[in-house]
Amino acid sequence: MAGNSIGKIFTLTTFGESHGPALGGIIDGCPAGLKINLKTINDDLNRRRPGQSEIVTQRNEADSVEFLSGIFKDKTTGTPIGFIIKNKDQKSKDYKHIMNSYRPSHADFVYDKKYGFRDYRGGGRSSARETVVRVVAGSIAKQLINPVKINAFVSSVGEISMDTDFSKVNFNNTEKSIVRCPDAKVAKKMEELIKKTRKVGDTVGGVVSCIIKNVPIGLGEPVFNKLHSELGKAMLSINAVKGFEFGSGFKGSKMKGSEHNDIFTKDGKTMTNLSGGIQGGISNGMDIYFNVAFKPVSTIMKDQDTINSKGKSVKIKGKGRHDPCVVPRAVPIVEAMSAIVIADFYLLSRLSKI
Amino acid sequence: MAGNSIGKIFTLTTFGESHGPALGGIIDGCPAGLKINLKTINDDLNRRRPGQSEIVTQRNEADSVEFLSGIFKDKTTGTPIGFIIKNKDQKSKDYKHIMNSYRPSHADFVYDKKYGFRDYRGGGRSSARETVVRVVAGSIAKQLINPVKINAFVSSVGEISMDTDFSKVNFNNTEKSIVRCPDAKVAKKMEELIKKTRKVGDTVGGVVSCIIKNVPIGLGEPVFNKLHSELGKAMLSINAVKGFEFGSGFKGSKMKGSEHNDIFTKDGKTMTNLSGGIQGGISNGMDIYFNVAFKPVSTIMKDQDTINSKGKSVKIKGKGRHDPCVVPRAVPIVEAMSAIVIADFYLLSRLSKI
Amino acid sequence: MAGNSIGKIFTLTTFGESHGPALGGIIDGCPAGLKINLKTINDDLNRRRPGQSEIVTQRNEADSVEFLSGIFKDKTTGTPIGFIIKNKDQKSKDYKHIMNSYRPSHADFVYDKKYGFRDYRGGGRSSARETVVRVVAGSIAKQLINPVKINAFVSSVGEISMDTDFSKVNFNNTEKSIVRCPDAKVAKKMEELIKKTRKVGDTVGGVVSCIIKNVPIGLGEPVFNKLHSELGKAMLSINAVKGFEFGSGFKGSKMKGSEHNDIFTKDGKTMTNLSGGIQGGISNGMDIYFNVAFKPVSTIMKDQDTINSKGKSVKIKGKGRHDPCVVPRAVPIVEAMSAIVIADFYLLSRLSKI
Amino acid sequence: MAGNSIGKIFTLTTFGESHGPALGGIIDGCPAGLKINLKTINDDLNRRRPGQSEIVTQRNEADSVEFLSGIFKDKTTGTPIGFIIKNKDQKSKDYKHIMNSYRPSHADFVYDKKYGFRDYRGGGRSSARETVVRVVAGSIAKQLINPVKINAFVSSVGEISMDTDFSKVNFNNTEKSIVRCPDAKVAKKMEELIKKTRKVGDTVGGVVSCIIKNVPIGLGEPVFNKLHSELGKAMLSINAVKGFEFGSGFKGSKMKGSEHNDIFTKDGKTMTNLSGGIQGGISNGMDIYFNVAFKPVSTIMKDQDTINSKGKSVKIKGKGRHDPCVVPRAVPIVEAMSAIVIADFYLLSRLSKI
């Protein structure tokens, strides 16, 4: 497998399976002298952790990170930051039933075909457990790019959507709802939908939106590494993501140029922001905002028809402890990936001019 | 600037501005022994070229590519393939009026801020002229990954959409319409909309869809380099793109797991294909399909308010020769970027097992 | 800090300081299905470990590696292999005296200048302790490239050199001597020189030679990544290395073409092998051999004049537990780095032809 | 083929064969705003060009570079710098005799084995003609890293060596001798040796030394990308190179620590400089110096026994126009590769601290 690294300067390389002894990562390229606030990192981990509320999986992983290098006297030294998160509440026995069977819309089948065999316990490397490492790295990235502020939130669950204007969202409300939607009324409805869905053993998809403020002008590297191409790649690399749009997004494709163009004001800002804070692949100082579509979790609590590794039809039992809807826990992951991308471009942007 | 390379094994590095002497690229990592069909490359270039029909820009660039290395006796030698496409029909004088002014929703402003100054002639490096190089590389990639078939087409222009089931599209019809929509009736309407839009000096957005058939099982590298993350990045790197979704896409976020899961049949295929041919970031042998949203072209034939490099308000004239709608010419570009991504993963997949 | 990764396909990323809780690494790109022999890895670690004989440092680090991912039922799964080696016998107090002083010919001064401050305990990241991670990865690489055989040995210590013809070295003798020189008589002299040197509190340099057999034809990627350029880089990245030569090496620069050319025989081999198994950057199937020059260890048991971080003259005490000569312990490190380079090119070579 | 790129930030990707229409390259990552002096580039090209004196090959390639992008109004724009050098004085017919035969110690054999066939004209990609591209990029790199001064020169040809202390070399003399040895007396002897060698149809090796002055403190990235590992790799990537040593080099391996340590003086400099300006992989502000060993050119004007592609014994004629000794023309190439490496680390060093 290749592909376990992201970033050109601020690079994160990760490892770990859902049922191995630990997951972890190495951040290489974080500049020296950054004061690290461990509490912030733990807060982000807690926002991602299973068992945090009644609408997420009841597995109980109180993830704690151990830093093994790169930080000395609370500051980064410039050397690689190695860290691990131990797996604790693993119940590998839960997975015997899928040892030879392919769960629908999971990676079981393709892993077997690609690698010849697989670590079947809990999805192994293909489990979203892997994202815990991203949250740690993202939390450090956030500290590096301060005062950039990254705020993700749930903007839809199933058919229920928040339709607040992005420029008017009150981020303080996000963490007040267990579903992480900043509109309290809509949040309530989403919560109910998730509970109802769980009750029938089903799952439901949703959308996480993200707004990034205070981004300096000049981040992003045309041609192939445009700021939004890398943001898109980073989001699409999160488990269960099916789509990414920024600024006007898919709606923009229905518009006319005369409506869509963002007219400059004298201060170098723009009157509208359909560009989503990025022009020609480079940040223009306006807010960056985007939507990330998540499919419904594939593991449902219903029996499903499938095949086993010998191509025979089998039935797979719906069991285990899983999320009925992934978006509440995806919020800190979307933030983390945003921070990693922004941090990388922030460092690269120091090299644009002589 | 970094970011002018794409691919890990089949790598393309590009250069060139819209009004310099030439654009070009280097493909490194194309295996030796591939028979190169030059006609196919020229056909793809002609599908991208300006002036090809009455609904695209009337600039006349009959792009021809010169190969400078890497091909000997019609076969790739394994050494880097260097090539250039000369600029011919440049009218640099057309751009004097934007020398010091920032066109709305163009990259002028951010280039000036990031690099300190810019080649203002025709957008320089930020011009979509740059994509001509991608088409050449993509055309070679297509030949490498044969029998994989990549078919892009226009599925919407403004509010006009084709709603054919993706599994029933007749690709033979795509090139019969100048708008490149395979549904003749819808194509006609799109064409009319584009003509009408041009007449009033405006532009309109649209969506290009793409279906990839015959993809071998096993392409894609979790975690960060999932097949769809790299496809998404590649699409988002094309000028004017605002969104990317694959498989069920944004609609998938509204569905339930029990509806969304693709049930396996005995032959290892799936009954439905909401996954879009990719599971866990790896191709599963089913058709890959995705949508790419393009905003309306920013250059309109109307006067617009803007600022100049000194922050003063100025009016910018609508003039020059531009596309009223970019999607017909974007079709071969979407195909090219798809081919480049698939070729890279195709080669990488040889390394998955001992 | 960048630069903690090596390899394009078989990539190793490492972290860790000499006095942190642990060092470790991530191997990404090792193909699935490789049977891993843990005993071999431990054997290689023991050949590098401190305290293994009376002529190396008396620090006692019985290094044991913990694998955290990527191996399931004794086989690689294709996912990244994460591992750590805990630090045990650290005596950080030993280093208080260098907290503000720059040891001559160490990295203290440059780390302080480059990063603004440093983890002064035992050299931190600049300590050769870091090489323990390379040995683990190299040992896995060796298993991947089997039946390639990599044999390093000590060919000189100070002025004492072995002058056996490289094609006649008996590798079975290497491990019989604590100095790791396969010529028993010369080994004895080297051993005595090292002991004598230690007694007077001094250190001495030496040369490690390496012979690689059974290398398939076709490894190496011209132009910049020639097989010997990457081998050279890998060797020069080992602490204390000052030079690298392969094949005829520096002596070759004194020769005539008519003497130096290796004449082909009918079987595709060559009568002589001044090329050192590599032509045009690509392995030709003959033995690869090279020499690596190590300077004397900078930490000596004598007082030395130096400066502190404020630029004042100070005396630095010679104390701590250090190697009087680094080459005996460098032998497995040279082998490990060779294996990592060969493994990478071995995988890449699968992509040379269609 | 992979491996036609070098550098992490200041990256050069190259293409081209000795007998194709042109060679060229793309520099990506050169910051915007650098004033480019074209005369300097041409001067460097002339120092590398064939036919420049009576002791080099009499092929007549007055190489001139055409820049195709990235430079606007004499300054770099930050976009990739594309350039080509056309091949002119090719006599492809000269190479019919090696179409099916493998020249001893050339890359013919390994290219055929690795790629399945080869462009046999003049060595194709394996020809040192490829280095012309490096000289262009190196010349731009030199301008970027000003006031760093890179001075290479010939320090030995065959058995004739210059033994001047490196700190006393007068670089102004280098270009006064056609052999590029700054010691006039030794240069004369070298020149005679080369002429004598040519007369008998033979070739001879030599050593190029290089001294780099005014290097800022802090360049280089431990662990794997130490400044000297990358310099070593870059030198070893030049055709015909067999060895690299820096600072005390191979001689350093014979020394004692008490002799070898460089004692700091109050100004942060060192009394001696056996470290060669690099400690722990990072520049310490002292002069960097190193030696590069070149083997004798493999093409000799004598008949040689060899095999053809069918494994049959054949005789190969000594003919064509070739260098009797490569080092005089290698001097600007060593400088160019040094500049490319230093430029890359110079840019990276901006990212060491927050």
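The first chain written gets the first letter, and so on, giving A, B, C and D; residue counts start at 1 in each chain.
Please note the rule applied: a residue touches a chain if its C-beta (ideal position, glycine included) is under 8 Å from a C-beta of that chain, and two chains touch if they have at least 3 such contacts.
This structure is a prediction, so every number in the text was calculated from the model and none was measured.
Higher C-beta contact count, A-C or A-D?
Looking at A-C and A-D side by side, A-C shows more C-beta contacts.
Which chain's C-alpha centroid is most distant from that of subunit C?
Here the answer is chain B, farthest from subunit C.
As a quick test, compute the distance in whole Å between the mean CA positions of subunit C and subunit D.
The mean C-alpha positions of subunit C and subunit D differ by 26 Å.
Counting only Cα atoms for the centres, state how far subunit A is from subunit C in Å.
Distance between chain centres, rounded to whole Å: 39 Å.
Taking each chain's centre as its mean C-alpha position, how far apart are subunit A and subunit D in Å?
46
By residue number and range, which residues of subunit B touch two or more other chains?
Subunit B, residues with two or more chain partners: 1-5, 8-9, 14, 29, 32-33, 78, 114-116, 125, 351-353.
Over in the complex, which subunit B residues touch subunit A? Could you list them?
Per the stated touch rule, the residues are 1-6, 8, 14, 102, 104-107, 109-111, 113-116, 125-126, 130, 156, 158-159, 197, 202-207, 217-218, 220-226, 228-230, 232-234, 236-237, 242-250, 252-268, 270, 274-276, 279-284, 291, 293-300, 302, 304-307, 311-313, 348-349, 351-353.
What residues on subunit C touch subunit B, complex-wise?
8-9, 29, 31-34, 76, 78, 144, 347, 350-354
What part of subunit B is in contact with subunit D in the complex they form?
So the residues of subunit B in touch with subunit D come to 1-5, 9, 11, 13-17, 20-26, 28-29, 32-33, 66, 68-70, 72, 75, 77-82, 84, 114-119, 124-125.
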